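We just call them A, B, C and D in the order they show up, numbering each chain from 1.
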Amino acid sequence: MTDPAAVKAALKTQAVETPSWAYGNSGTRFKVFAQQGVPRDPREKLDDAAKVHEFTGAAPTVALHIPWDKVDDYAALAEHAEERGLKLGAINSNTFQDDDYKLGSICHPDAAVRRKAVDHLLECVDIMDATGSRDLKLWFADGTNYPGQDDVRARQDRLAEGLAEVYERLGDGQRMLLEYKFFEPAFYTTDVPDWGTAYAHCLKLGPKARVVVDTGHHAPGTNIEFIVATLLREGKLGGFDFNSRFYADDDLMVGAADPFQLFRIMYEVVRGGGFGVESDVAFMLDQCHNIEAKIPAIIRSVMNVQEATAKALLVDREALAEAQRSGDVLGANAVLMDAYNTDVRPLLREVREDMGLDPEPLAAYARSGWAEKIAAERVGGQQAGWGA
Amino acid sequence: MTDPAAVKAALKTQAVETPSWAYGNSGTRFKVFAQQGVPRDPREKLDDAAKVHEFTGAAPTVALHIPWDKVDDYAALAEHAEERGLKLGAINSNTFQDDDYKLGSICHPDAAVRRKAVDHLLECVDIMDATGSRDLKLWFADGTNYPGQDDVRARQDRLAEGLAEVYERLGDGQRMLLEYKFFEPAFYTTDVPDWGTAYAHCLKLGPKARVVVDTGHHAPGTNIEFIVATLLREGKLGGFDFNSRFYADDDLMVGAADPFQLFRIMYEVVRGGGFGVESDVAFMLDQCHNIEAKIPAIIRSVMNVQEATAKALLVDREALAEAQRSGDVLGANAVLMDAYNTDVRPLLREVREDMGLDPEPLAAYARSGWAEKIAAERVGGQQAGWGA
Amino acid sequence: MTDPAAVKAALKTQAVETPSWAYGNSGTRFKVFAQQGVPRDPREKLDDAAKVHEFTGAAPTVALHIPWDKVDDYAALAEHAEERGLKLGAINSNTFQDDDYKLGSICHPDAAVRRKAVDHLLECVDIMDATGSRDLKLWFADGTNYPGQDDVRARQDRLAEGLAEVYERLGDGQRMLLEYKFFEPAFYTTDVPDWGTAYAHCLKLGPKARVVVDTGHHAPGTNIEFIVATLLREGKLGGFDFNSRFYADDDLMVGAADPFQLFRIMYEVVRGGGFGVESDVAFMLDQCHNIEAKIPAIIRSVMNVQEATAKALLVDREALAEAQRSGDVLGANAVLMDAYNTDVRPLLREVREDMGLDPEPLAAYARSGWAEKIAAERVGGQQAGWGA
Amino acid sequence: MTDPAAVKAALKTQAVETPSWAYGNSGTRFKVFAQQGVPRDPREKLDDAAKVHEFTGAAPTVALHIPWDKVDDYAALAEHAEERGLKLGAINSNTFQDDDYKLGSICHPDAAVRRKAVDHLLECVDIMDATGSRDLKLWFADGTNYPGQDDVRARQDRLAEGLAEVYERLGDGQRMLLEYKFFEPAFYTTDVPDWGTAYAHCLKLGPKARVVVDTGHHAPGTNIEFIVATLLREGKLGGFDFNSRFYADDDLMVGAADPFQLFRIMYEVVRGGGFGVESDVAFMLDQCHNIEAKIPAIIRSVMNVQEATAKALLVDREALAEAQRSGDVLGANAVLMDAYNTDVRPLLREVREDMGLDPEPLAAYARSGWAEKIAAERVGGQQAGWGA
């Protein structure tokens, strides 16, 4: 798709879901640094998310986290979103912050704790019904810290049983997205540690179950684009949690640590049919803005995804296929690098102007006065954070 | 199974397959250091393997590598083995040392190269028919070195197609063991890089296809025992290629780098039903003795597996289950560590004495004069190595 | 030192410092699980530490963390310790939990923040004067999350300047122990990321400055015993922060993840003159007991260090040297492994009995009723934790 | 230096040394794939290197490897080079391919082997005298494969002693560049495993000793630009061995795996005064072109270094410093990314045209017919490779 007009048309359809919790405070185990103007409730999170969409035109939905975003009236929350040009997106469960979950949730040795965890997941589906969300996104902190602590295999049995009950509850058009993570907060075993484990469970559950790739959740050196290509080939890629990392699950802005990797991932997405209006792959951010201003960081992240996508779309696939067929290692690599080395920012400025947006989202946001406004107005109350 | 008599009985049934190529020279890309007395043909490799079995009583089969061990008359080779108390084991294919395989074998972009590779695999099944081997062990060096070099997904299609043809050729009682490897010799993508990929292919192929876990073929930090437990749960663990590593695929003696990890792996094997006469999991060594004497290193490796297995068998599983059920993190860990911290060498000396063996295999081998004999006799000719 | 009597005598001199903060609550960024009976002030932490020493005989000092252990009267605190058979140990600074430190402390771009950080370090030396502590232990969370965020080299200049001012303040017999850490909480650069950086700074500061090796603060695959041997050779090893890890800075119990590595480290300590009454190397724990009971975990950790040390002392160094001299790779390895494979628990039971202790510290602690007592008595107030 | 004219002027001075051995065959332990037209002697290697310089204008020197490039008459070899517009560069020693070096060279337990190794290094200095080379580049494969195999600390003593003797032999204007490597071919300890060890030795040797950073020789996740900044600050950065890697020491083309990392490294070089006519930092390639055509791969590598350097020079350092000073995390990152995201290929085409070169070196080389010529002419004889 090296026709710039087609690339631009494709880019105009791009949508990146932002997570409600990224607008709140976050940090490390050492310290959470509070920021000025941070939202104090789900509506204020949506207000901020609306700004990201207003200036990028590419962030039309917002993922919720239960119970952090629990409200009495989800219809009213959805209306609040819609008034701001947004829709509510995936529902994310939380089975890691109750005291009961010290040794796990859905994999816990005690059936009562497992019951509680599954009930929470079922409640999340109820919320999906209310919000009209398509996706239930499941990340389990379950695991063990010490060899012998629990029976690795029995935990898989419990996991399978719990997931099956939730899967049965899904309605038509609803999906279960299962996330894997290499480690943290568990430090010896993690019950869904890699794509293979998530894939095996999804396969047994059925077609509504898909794997989520969080780009920060892999062992050092893992080739993530290979996993993406494989899951697309298997019809089991549900979506992405985008972020970037140098070390572990650093949760930095997507594209900040290794923009070439992000490009390679997006190339496999495009090549594998995962991009575009026909695809149901979900593109979501899942980041922590511990020290940088949150809204501009999220705008920057959306732009980074756009830039990587633009480069991926610019790859001359015919030339690439020809070089690959003929075994021209350097030639094939050069075709890919030619797209990567292109400065796509002018193209994206045009895309934005075509969409009636300011070509420079960050500058436009800075001029908008929103940051000053929320710092002045959001005083008192409890700032949102992982524990709230 | 904390009854010492039962543990001893179980240990007497243990069998570890040794690979013919470990008796030959090996090295790194920088240098292959030749050793005195190295075998010059498959029969001399079997002669050495017989010594390992003679002194350990636990290495009754020998894996062959085609074409390194190609002979005109496999029945005669099998007879040579049997005269020495051995049987021929798995047949290992080689699709990485012909010039044609520079860009891959079964995944190569050129159909003619793929045909050649598949034909080689079919020939290996022919050899299995001749040797009576149960297992065809497949490791593919296939992959790419540079982004864009080839189409990641198309390579999976080619892989699936080639494997399917070979699978169809398998006879009753024959199996295909598919090995995965994180990287090397390919340095960007590897076509079977992780257990998930191997598992997905085996699942589609059918019940005769199983995954092989090479303990050196994982990303840093990967929890191998988790993979073992998972594959056993799925009924898809075919066997092990044992070795150990500090960094990459170092191919050091099993148990040399992290004996605690080996114990944890063997514990999951035992717990998951992968050990004992009812199990068809294959235990094989796959190591390189670049600087240490080869036969003693292999004897030591067999002993290391025995020691880890003995400790795994000694775990007080009732006490462990009780501590796990009650959420006693430290108590459960202590049960496991109690077995690990036990010095099982006296127990294994008893096992050997019961079997009519010298309790100290390495000392007995040293006294046997075999090393001096082969150094004196195996003069002239071409020493076996990876290229021979 | 394969004379068991000499080994036992050496073991009786062993001392492992426990950290006050390990008795308080800790967790991950996802959740801190509170435990019953956790201390609410420095005195209660000392009360718990006294129990560890009472049952192990090997934990006679307690490290303090400022400001978490700030008190009005350090002499009274020291007296509280001494009444329980303890002494106060190293003073640990904290320059990572004030809001001012969001972008660093001693390396911060703003001179006012650097001034505040250095003043805190100077205050810690004042406290050392009051407590009679020998060691100021410095760990800096300083670093950056994004490329370009700050000037990497200028931060080193600021670090050198700040350390120099603190070094000048040290009295006779006082030392500065500089800790390095691979990453976290900074996720792009860390200002003291490796032993080389810590060493280079200590070298310029002078003989009172030494490097601290935290066993969890290295890149995957790093050979820690090599670093220990090198620092001992350079006369720059100040001490250890012991813990263990499978992935990142997991802060599990020392010896829990890789007991063979702990043994190899202790062997280099012994071989390099770092163990025994003539050595001034400090052995400290620095762990997080997020899900396991804290006091028993600390007792277990002290025991793990003792067991690794016992094995290290049991190495037949003459036989080892002879095998090394003759290039006997397998023989030399076997000498080391022979010590490692020895079950030293009977020996340590004897050591404890000789010292008038119960041979089984964990069982004795469990019987003591202390856990029940503190759970019942320590009600109300604020449990100690990283933020308190 | 955001003035394009100044950037172009700086780029015209850039020189990247190419290694003679990269023109020969290389491979992995599994297979060396021979290529057509590969040089058969040092002169043919220089002929190929001359082509790289002819088309890039940026590769004026060639590093030699002894004994691979041993000749009777170095003056004649130098004249051969000069006739082709080249100069001979660094002399690289080889103490890893003689059978004597199985257990090490300069660190070997046997003094006779150490003597042989040191004599080889002294011979390399003799050759430097003959070639007029400034730099002796030392990489030692020394290390151990098994715990206990040798005395880690004694090996450091031997290393120090050997290096000191060679250092003493250096003439005025000659330097010793000491390379470190994380692992391979040694798989347990490596005697110079990290920059800290190399730095400590260089510090004691004196001002002529400097550290070489090979970009592929680090633990996973290591921040290489931090090391570069630190070594420049200490005045101890001797130079680079450029290549790239996804996993271990993959020796792929520089910039192929992580072009953003290469940019960050070059930014620290520029910022730390390591680039330009006043700097004596050496920029060298050290790569293996196992499957791709060698000369084009080397041309591409030189271009990749140029592109990263151009981007580094384009960083608006005033704007960056201002953002850093004010703690503007996103703003500072954006200044850096703005340079990185620039397509510098047009600028480099101008640089080449100004220098009288074809703006597209790879296309020009392809048109030159050199590849066909050497494939036709270099028939018979022994192709150069690591063992030749």
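Keep this in mind: contacts are C-beta pairs under 8 Å (C-beta built on N, C-alpha and C of every residue); 3 or more make two chains touch, one makes a residue touch a chain.
Because the structure is a prediction, the values reported are computed rather than measured.
If I rank B-C and A-B by number of C-beta contact pairs, which comes first?
Spelling it out, more C-beta pairs touch across A-B than across the other pair.
If you average the Cα atoms of chain B and of chain D to get two centres, how far apart are those centres in Å?
About 38 Å, centre to centre.
Roughly how far is chain A from chain B, centre to centre by C-alpha average, rounded to an integer in Å?
Chain centres of chain A and chain B, defined by C-alpha means, are spaced 39 Å apart.
Which residue numbers or ranges of chain D touch two or more of the other chains?
103, 145-147, 182-183, 188, 220-221, 223, 246-247, 256, 260, 291-292, 329-330, 333-334
Graph shape for the chains shown, where an edge means the two chains touch. Line, ring, star, complete, or other?
Chain contacts: complete, every pair touches.
What part of chain D is in contact with chain A in the complex they form?
Answer in residue numbers: 220-221, 223, 246-247, 256, 258-261, 291-293, 296-297, 300, 307, 329-330, 333-334, 340-343, 345, 362.
Looking at the complex, which residues from chain B come into contact with chain D?
26-31, 33-34, 96-97, 99, 101-103, 141, 145-147, 182-185, 187-188, 220, 245-248, 250, 252-253, 256-257, 290-292, 386-387
Considering the complex alone, what residue numbers of chain C touch chain D?
103, 109-110, 145-153, 156-157, 182-183, 188-190, 193-197, 199-200, 203, 218-223, 225-227, 229-230, 232-234, 260, 264, 268, 271-272, 320-321, 323-325, 327, 329-330, 332-337
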